[in-house]
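Here is the structure we will look at, set down as structure tokens.
By written order: A, B and C. Residues from 1 in each chain.
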Amino acid sequence: MTASQIIFYLISAFILSMGVLSVTSRKIFRSAIWLLFSLIGIAALYFWMDVQFIAAVQIVVYVGGIVVLIIFSIFLTQQSGKEMPKAPLLRTIAGALAVLFGFAFTFLLIDQYGFPAIDQPFDNDVARIGNAMLNTEQGGYALPFEVVSILLLAAMVGCIVIALKTKPEEK
Amino acid sequence: MWSLSNIAANIDQWLNANMSPTWALIVEMVIAGVAVIGLFAALGLVLVIMERKVSAWIQIRLGPNRVGPKGMLQSLADTLKLLVKEGMTPGGADKLLFNVAPFVAMIVAMLLLAPIAFAKDFQLWDLNIGVLYISAVSSISVISILMAGWASNNKYSLLGAMRSGAQIVSYELSAGLAVLAIVVLTGSLRISDIIQAQENGWWLFKGHIPVIIAFIIFIIAVTAETNRAPFDLAEAESELTAGFHTEYSGMKFALFFLAEYVNVFIVCAIGATLFLGGWMPFHIGNWHAFNGVMDWIPSSVWFFGKTFFLIFVIMWFRWTFPRLRIDQLLNLEWKYLLPISMFNLLLVTLIAIMGWHF
Amino acid sequence: MGAASLIVLILAAIAFSAGAILIAKVVTKATKNKQKAEPYESGIPTRGPSWVQFNVGYYLFALLFLIFDVELIFLYPWAVAAKKVGLLALVEIIIFFFILFMGFLYAHKKGALKWK
């Protein structure tokens, strides 16, 4: 095994073990923290693959944004410190079976696909993404880029409507 | 000329001449590891004594003056004191997360050192998304604060952590927009490209008023992001004792303290790199004689000089402005800084595209 | 040095922190008693659970932050390309900002940016 492979397996083991911890932990805040480490592991995997822009996006959006949001919403609940009750046996077995089937299904798909290997070095320049994003000609992504802002606008309006709705009930 | 850049190149050459590439890489990794640990320790000692001396100077008093010449060894003595203090974990705390949090803070502070150019050609990793890497990794630091605050099982800690959480995430936005102004002017995220673009003058002087506005917004935002006064309401002593690290003692407290100071150093280094040219000496356009004289000063001296100047400015803020309330703080960001920096970015773009900058 | 520097930095940080904590553990003499382990030792005893509920204001700001954070991510590739693409880039970003600014005005109007 080369050093690169060893690092890949170490990162994957880290991601998987943190994922398992986050599902099995019985304190909700701890779950969020394990999820965070799992997401950082995925960013590490991107760094390992040398797609640095995607890695940075992964960290900014998921680790710095979504996990912070999850933690804030945990603090919004009253029981951030309480241990959750242990899941009943039936549910545990059903969960394990679902995981097993899901894993088998994905494994089969990946195994049959047969990924073609590409020898040439990977061009991960950010300027290329930017140029494609601003290109208004055939094959450009100028329209999706503008649509994203409408999507963000909708998200913003939605979150304000939902978050401010509780106000009359407080009084 | 004696400079850090030659040392790095010489070591690399010597190692590759005498060893196989794998071993050369491993030895380089060890050297880099020892160097960053040394830098961390040195920064902690220097910045703490600097903070105390600057505050003493501003308040017209002597400051620490007993240990060593003019009190210069005071922070070393403080470190020794912290080393022999017992590191406690409160009874009701979540012990695991309580002990992991200082490690996270340290790892984040350490990772931020990777793309910083300390001198010409003296950089750990000149990755092609340098600036984005900095803003991405620094966004993790809020997690260590939330972790520490929650795990302590103390209301002061949790309130402090929550306040700094809201503050850090808000000010990240305007810091990012201010950084983007320079990215637009340079057309690259790579730190070395950004420094190279300032060869004929620093962006602060080349980019007219919009860049100056971006610089001011950047300084305000990073002061808030590093939880320093006047934005230190996360650890407002009079209300929350010490904020998120109230329950920490001994070395674990020292690690948080150190990470905080290293973060101040890093954001100032980034500010110096983006707006003041990093290690680039003070050049004026085509004045070759003048530029030649400036080149005599080693690049590392330029870098550390600019960085410590910015650190001094941030320390100066602490004794000049009164602490904000949380509503004022969030108002300042969301109602003023964010719209202004968005509009400012458009102005900078116009300048960059029309080529109006020097 | 490339990506290997990240490994070095992580290991260095762990070694530094663990070393400091271990040395401190060796040289200090720890005692245990119940009062010492109380939250905010020797202060006023805490009333009720420490893990309190926070108001929705923090959550709202986190949501708004996330939206602007995603916007910022889209701006990075744009910023790299903008200078070469020229005025077209400026026009596109003005449209982008204009739409977002509508949302910003809406938030302002609804009082979402006000701390309660």
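In this section, a residue touches a chain if its C-beta (ideal position, glycine included) is under 8 Å from a C-beta of that chain, and two chains touch if they have at least 3 such contacts.
Chain-to-protein mapping (UniProt): A = NADH-quinone oxidoreductase subunit J; B = NADH-quinone oxidoreductase subunit H; C = NADH-quinone oxidoreductase subunit A.
Treat the numbers as computed from the prediction; the structure is a model and nothing was measured.
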Maximum centroid distance from chain A, chain identifier (CA atoms): B
Highest C-beta pair count, chain pair: B-C
Computed distance of Cα centres, chain C from chain B, in Å: 15
Between chain B and chain A, distance of the C-alpha-averaged centres to the nearest whole Å: 28
Residues of chain A engaged with two or more neighbouring chains: 53, 57, 60, 64-65, 68, 72, 75, 80-81, 126-127
Multi-partner residues of chain C (each touching 2 or more other chains): 3, 6-7, 50-51, 54, 58, 62, 64-65, 69, 72, 76, 79-82, 84, 89, 97, 104
Per-residue overlap in chain B, given as positions that touch at least 2 other chains: 129, 132, 150, 153, 158, 162, 165, 169, 172, 187-189
Of all residues in chain A, those that touch chain C in their complex: 7, 44, 47-48, 50, 53, 57, 60-61, 64-66, 68-69, 72-73, 75-82, 126-127, 129-131, 133-134, 136, 142, 145-146, 148-150, 152-153, 155-157, 159-160, 163-164, 166
Contacting residues of chain B [partner chain C, same complex]: 25, 28-29, 32-34, 36-37, 40-41, 82-93, 102-103, 106-107, 109-111, 113-114, 124-125, 129, 132, 150, 152-156, 158, 162, 165-166, 169-170, 172-173, 176-177, 180, 183-185, 187-189, 241, 246-247, 250-252, 254-255, 326-327, 330-331, 334-335, 338-339, 342, 345-346, 349-350, 352-353
Complex contacts: residues of chain B adjacent to chain A: 94, 96-97, 127-129, 132-133, 135-137, 139-140, 142-143, 146-147, 150, 153, 158, 162, 165, 169, 172, 187-189
Footprint of chain A on chain C - complex, ascending: 3, 6-7, 49-51, 53-54, 56, 58-60, 62-67, 69-74, 76-82, 84-85, 88-89, 92, 95-97, 99-100, 102-104, 106-107, 110-112
Complex interface listing, chain A residues touching chain B: 27, 29-30, 33, 36, 40, 52-53, 55-57, 59-60, 63-65, 67-68, 71-72, 75, 80-81, 124-127
